[in-house]
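Across the two complexes that follow, subunit A remains constant while its partner is subunit B and subsequently subunit C.
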Partner chain A sequence: MENFLGYKNRRWMWINLALVVLLAILYLFDHPIGGRSGNSWLGWIYGFLAAAGILYLMYFGVRKRSYYSTSGTVQGWLAAHVWLGVALAIIVPLHCAFSFGINVHTLAYVLMLVVILSGVYGAVCYVGLAPALRVHRGGGTFKEILNTLRQVEREVLATASAGGEGVKQLLAVADFPFEPDVWSCRRGKLVPEPNRAREAEILAKLSEQEQKAGLQLLAHLAKKRQLAIQLQADVAAVSRLQLWLYVHLPVSFALLAALATHILVVFLYR
Partner chain B sequence: MADHFEVAIIGAGPAGLAAAANAAQHKLSHVLIERREIGNTIYDYQLRKFVMAEPGKLPLRGQIPFQAGTREQILDAWNKAVAACAINVRRAEVAAIKKIGEHFEISSKEVICTAKHVILAIGVQGSPRKLGVPGEAAPVVAYTLSDPDQFQGKDIIVVGAGDAAIENALGLSDGNNVSIVNRGDDFPRAKDANSAKIMDAIRAQKVRMYANSEVARLEPGIVVLNTPQGEESVACDHLIARLGCILPRKFLESCGIQFPSADAAAVPIVTARYESNVPGLYILGALIGYPLIKQAINQGYEVIEHILGHAVEPADQVLVDEKLAVLPGSSAQKLQTIRSALPLWSDLSEAQFRELIIESTVRVLKDGEIVFQRNDYTDTFFSIVEGEVQIEVPHLADGIKLQTGSYFGEMGLMSGRRRTATVRACGRCTLIESPRKQVLKLVNSVASVKREIDKAFLLRALETSVFPEVSRSVLQAVVSRAQYRHFKKGEALFKQGEIGDVLYFIRKGSVKVSRRHPTGQEVTQTYLPAGSIVGEMALLSEEPQPRSASVAAVVPCEVVAIQKSDFLEILKSNQAARHRLTALARSRELENASMPVDPQLGSVLDFMMAQGVTDADNFLLIDSDRCVGCDNCESACAATHGGYSRLDRKGGKSFASIQIPVSCRHCENPLCMLDCPPDALTRMPNGEVVIRDCCIGCGNCVRNCPYGVIRMVYQDETSSGFSLFSLFRKIKSDEHHGPAKAGKCDLCSSLSGGPACVRACPTGAAMRVNPSRMLAILAEKR
Partner chain C sequence: MAQTEDKGGDSDKTLGRLSLSTLLPSKAFLSIALALLVLGLFGILPFVSSNKRTWATGEMSRAHAMLSNNCSACHAGDFSKINDNACMRCHALTKHGESLKDPHRRNEVFKHSCVDCHQEHDGSEPERLSPRESALCTSCHASKQGDSSLAVASWAAHPEFRVALPSGAHDFQLVSLADKGKLVDESHIKLNHKLHLKPGLRGQDGKVNLQCRDCHVSTADGKVMQPVNMEKQCKICHGLEFDPRLPGREVPHGSPDLVYKFLYAEYSKLFLGAEEATLPAGFERSRPGQESRLVEASKNAFTRASVEDEARKAERELFTRTACLLCHETSERSESPESLNSGQISAFTIEKPRIPSTWMPKSVFSHSGHEEVMCEECHSGVHDSTRSSDVLMPEKAVCLECHRSDMHAGSASTDCITCHSYHEPQGLPASDKRRINEIVKELRRQ
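On to the complex of A and B.
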């Protein structure tokens, strides 16, 4: 089955591709007096298209929340949003005839590129990470798995406190705290590798009865480790699905401000 | 010398109050004798119990107000009415009513008064069935419970298995140690919702059940029970016995009133003026089989009019006239014509028949006009008053014709599923279209109606789906020998390899068909809904034939069994049927032999059955491979449905990468509709099950839905779509307006463009599908 980028036989990809190709051909055949620039007729048209495109892209945020709207589906709007965004990365350089500098105009373009790149990253995550979410969770929800893990932790403590000094020593070596936060989950460092050699060393010193309790403790901890790895991967995936938006959205508003300044400046100092 | 009155009314229930109020209005000298409280039955209800005002359409007559409300509201209104009407109330317990000459003498230990007319309106609630064991007179024994909050930290035993017992046990279970003593092991007499609640409480150990047990005797501080393990003593501070009520027959007979039979359910016969066989003695309400408050109030009003010699039409006359307005002739004639044309309803009492007509619609159809079409979602029941209709059946060019006096639509009535055939009028015909709920009520209360409809149900099923060629008389003979059987959930109707000797017709519920994989594992192959026939393949030959598959009940099933000998007799009588069915059997045998048993399909079907979506017509499915967890579906649902999402994206079970979130399946056989007092749950013509505004918030549907998709929600103002303001506003506000009502997915039937959740999904993960589409999606993914 197709993902959202391929909505209705990649309709929006083809439309935007055709648009970009058409604009590029026009650009190549256009030789205005004074050279190509944003100030030529074509430059003006491209500029108008790009500005309208940016407003349209920002309108997606409104459409997504217009739950009574009957204009298409959010899925179709998102496909159009992604492909038009990608197209703008090419249309804008055509608008300014590839003249960049250290000024507010280029700042708007750079901000736009940040928005587009974060968006492309988001789209890739949306397509690629959704199946991963399901796999990490194995059918359960994050909360359910975390509850199971906490239950296992209680069993670990119960086993350790029932055992003797040796078992407690084993606990100190083999247990690890699990408080998932986004950054350590993304680094994948939350669950330490077990120190099998040290565990075996301690186990060997225990009495027969303590050994039994120790093995039980290790079995519980193995279960905890498995759940923790699952949750770590889940948090990492969910954060990938969400964190890019913290770039995409604020920068898009900054872009809007830069764009307004660009237009104002262009009109005032033309 | 005792006082003398024109009318003495005994019992200050709704009927007695209405009669007294009307007598007072007409300045008739009267007395209303009551031993306890005004509206005693309602007084004894649990505090704040909600009382319904059924039947909804019946107008209310007289001076006593009544509308649906809490126990307190109703009692307050009645007490005010007693004062406002200046009703002469006297507190006394009547022990005897004797006719002396032209007058009645009413007495307890001594004579209370004498009267020319006596109106008996004591109901049945005043005569609870007693425990009947040694020690039952102990002060710890009670037969009612009004305020469960009075009890804290007590050992309480509730005896009984009806709704009252369950409601009491549950009401007491917070803060007390409650046991319920049940003669059986479940609660078949209780409403489904109550039965589910008490079973939950028993499982959660909030209430202890003594199953298959009875009270043996009471001793100080303890109750001795007869349990299957022998006698058991249980500590007891209070014992509440809710064993139902009995008609005070002995008392009525002592007044000279005669009963039509010795049957325990028999009620005294009265004239249309409510007068008994004792002239001047009138009987009203539950004593003569009218248990509803509204009916009783109307009777109370009418009986005084009769005594005064005023002509009164029955209260529901306006409604009857309105319904029958399309037909020519006088109202009485029309009613008589309809009644005599429809033998199915011949055992109904006058009141039951009038109620049926009031709830129904009279339809006059032109030649060829369609009554309903195959696969329609309507579920009404039709009786033919005049003319003829044709049921379209495959294999039969002319279909099946039904004439005056006949009826149809019983398939939808029993199983709650779509129409199985198209029906059209042949020539001009007049039909009575009755709502499913009304007809089911009659099926459950009038034995002859149930018998008749059961037979017709089976006959039509055989006629339309198995033996269209065979004459009706042959089938009728078979039907009369058929047996009704029940299967529990999971129980096998038959197993693969057994010798087949019975054909089953599934009347209610659904079954799954499974075959054995070469490894020995049972693999589900398909499922069959109510209305299907199973097991015919092994019956086609005279030789004993083994079953080619196993069939088991998916949900509790009601089936009709037809013996092989009867089946073969039908085949002998008709060569065409024999040839067709033999050919069908051959092709199925071939299919079974050549088609491999597919374990993967089996596990999908098992999952779908467990989730109830094989029964569903349009359910929400999430493709986990595409869902990014943005919850825009829930936001969309909440924004379009008063601030509360009717789906739980995170909930629900998954199969492979398909998740079925907690959301309404719009089942073909919706259990939520089973017990909805105001009939607020309705199936719309397009198939969606919706909750109408008349929901009273009783919560029965929430408990009856096996998939947990209905929630009690507060109705907030629906947000009017997107605004910048809404970005900064929390959707759920904590301010509630009005009571909580049941809320669930309505398929966005009032929105153009389809379900908001699906339209709002940015990645196309949320979809609305039917079972075959789900199978196709899974196949695509494989």
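On to the complex of A and C.
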């Protein structure tokens, strides 16, 4: 199946793989005076590439909102964004010659790794979940599902209040409260398993007239249950598609701050 | 109707709880907050406080570890780079001080500062503060730099070694070991290595088999050989006795004039001032047809001329046949005997020896690292050398036996600084030495 990662025959994957391999080979053949470091010629080149790469990746946030832009497709930009991001995880250690410490310079790399890992997680979520979500939701938005569900709830209550004591007893057993939020949906278990045996037991005791109303009630509740499960799954899925961005984006700005400090300190003290 | 509106409001509230954007702070807020936090903690805080360790790219080298918490010891202020003055505040007072003023370090061509080679805060190798790579040298020395330097692009391209041979009265001249025609050690000392290494030589207490180390003694640090010393080494066998009638009496190993004055004094003492009982055997006996000298002496018949005559005879023997001539190049003065006698100066002169004390002054060699190797492995030809003019220093090919980069294992190093030193360490004069607490106080003050 074609997704954004495989955009145009994985063009961006191959370009970035080639870049990383080329830089790694250069690294192995480079023996600067004083040993490899960010302060060698090649170290400087890697550093410049990495910094330019980070700025380019952050520009994606602008590009994806530029709906009238003609510079490539958003899909193409996204593919480049993901693969260049992954490549940076390797280019930066080449820049510093794998020397890390407890300082603002390594902090920038750690923040970058957090951004990259959250981004990879997000990409995996999109590739895995987005197609499934389209099928699952059947085109309905949360609001539509929720409105339908509330409508069903009102029908449940109307049926129950029209019915006798037996129907109300059935309602108490078969109905469940549904007050979802993102976190409870992610945890699941918002919709309890129906107690079929108890329902059948109560139904059996009812009169024929009430049994009819009872069965109608149960039908409404089954509809509510189905809508609730669908909403819970959809909310959970959509949150997975959104939550990683709350890491990816703020940490990328933190990275920008650390990167600026790194560059300033390194250049001023050089 | 009202109920429906309530439900709708409740529905909206629930709908809001299904969206992360209403449950979490906005991504823009989080982004700005986190960026400011990082900027504050790692950019602003170190700037305003004295602790800037999070800015350091690595640990200090071990040599400078005591300055780890003392940025201002080297950095004059925020964002200040290190200038040489900061280094010299301490290093002018150490053994490197004088050598750092060496013209080579501060000439027109070479204008680098200390930190160009010595980079701090590189935690990868805390043991050393400067690169060992030969490229640091060859980046300039691949081509000729100055009059006395040679172009050396690599160890493989290193030219044959040069030895410092005496040239003229005071100078030394660097002569390549490949330049066999010029390779003559004019040290004005006669020494036959082949003869000295012959087994069963007549020594002080019977026969001896001399070893190299009997004459060539290394310095206390084992690095180089001390100059061969007449008093310590040669004299054990080569005594300076001057008269067989005075066994055990030796002239001093000094200038010809000193030798003559010593002889004059000895014979004066002997013939003019000595008591009968102290006269050594030989002088007591009268020779056939002659009166005893003692008798003459006692008659006070010896004149100053007689003493001079004895001293001159002994002197001539020493300078033209025995002790001196064995090692030295001697020549006779042209002055008349009268002027020599009146001035009490020697009738002979000695060509001043000029034995090279440092054969390869451009390199630093340590014998102590090569102890396992037999002397003649490097100083080949010593067993066949009959003249002191032979130069017995090892050629590059000898070093190449071990010091080669193409060997897979066991290869000795071939970096420039294996043999060449950059800053020659020099001893600090005693007047510059200080008390420990003064040094510590100064370090803390910085």
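Just so we're on the same page, the second predicted complex is superposed on the first by the 265 of 270 C-alpha atoms of A that agree within 3 Å, B and C clash if a C-alpha of one lies under 4 Å from a C-alpha of the other, contacts with A are read in each partner's own complex, and residues count from 1 in each chain.
Throughout what follows, contacts are C-beta pairs under 8 Å (C-beta built on N, C-alpha and C of every residue); 3 or more make two chains touch, one makes a residue touch a chain.
These numbers were taken from a predicted model, which means no experiment stands behind them.
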Clash-or-fit label for the pair subunit B, subunit C on subunit A
fit
Comparison of subunit B and subunit C by subunit A residues contacted
C
At the Cα centre of subunit A, what angle separates the centres of subunit B and subunit C, to the nearest 10 degrees?
130
Is A:Gln75 contacted by the first partner subunit B, the second partner subunit C, both or neither?
first
If you stack the two complexes on chain A, which partner ends up touching A:Val62: first (subunit B), second (subunit C), both, or neither?
first
Identify the partner contact of A:Gln169: answer first if only subunit B is touched, second if only subunit C is, both if each is, neither if none is.
neither
Go through the superposed model and pick first if A:Asn3 touches only subunit B, second if only subunit C, both, or neither.
first
Could you tell me if A:Val265 is touching subunit B, subunit C, both of them or neither one (first, second, both, neither)?
second
Using the superposition on chain A described above, determine whether A:Leu146 touches subunit B (first), subunit C (second), both, or neither.
second
Applying the document's definition of touch, where does A:Asn39 land relative to subunit B and subunit C: first, second, both, or neither?
second
Could you state the shortest Cα distance, in Å, between subunit B and subunit C after the structures are superposed?
10
I'd like to check the shared interface: which positions of subunit A are touched by both subunit B and subunit C across the two complexes?
143
What residues of subunit A sit close enough to touch subunit C in their complex?
31, 33-35, 37-39, 97, 99, 101-105, 107, 111, 142-143, 146-147, 150, 154, 179-183, 185, 231, 235, 239, 242-243, 245-246, 249-254, 256-258, 260-261, 264-266, 268-270
In the complex, subunit A touches subunit B at residues 1, 3-4, 7, 62, 64-70, 73-75, 77-78, 125-126, 129-131, 133-134, 139, 141, 143, 238, 241
Please give the residue numbers of subunit B that touch subunit A in the complex, ascending.
623-630, 632, 635-636, 639-640, 650, 653-654, 657, 720-722, 726-727, 751-753, 756, 758-765, 777, 780-781
Subunit C contacts subunit A in the complex at 7, 10-11, 14-15, 17-20, 23-24, 27, 30-39, 42-43, 46, 53-59, 75, 79, 81, 117, 119, 122-125, 130-131, 133, 135-136, 139
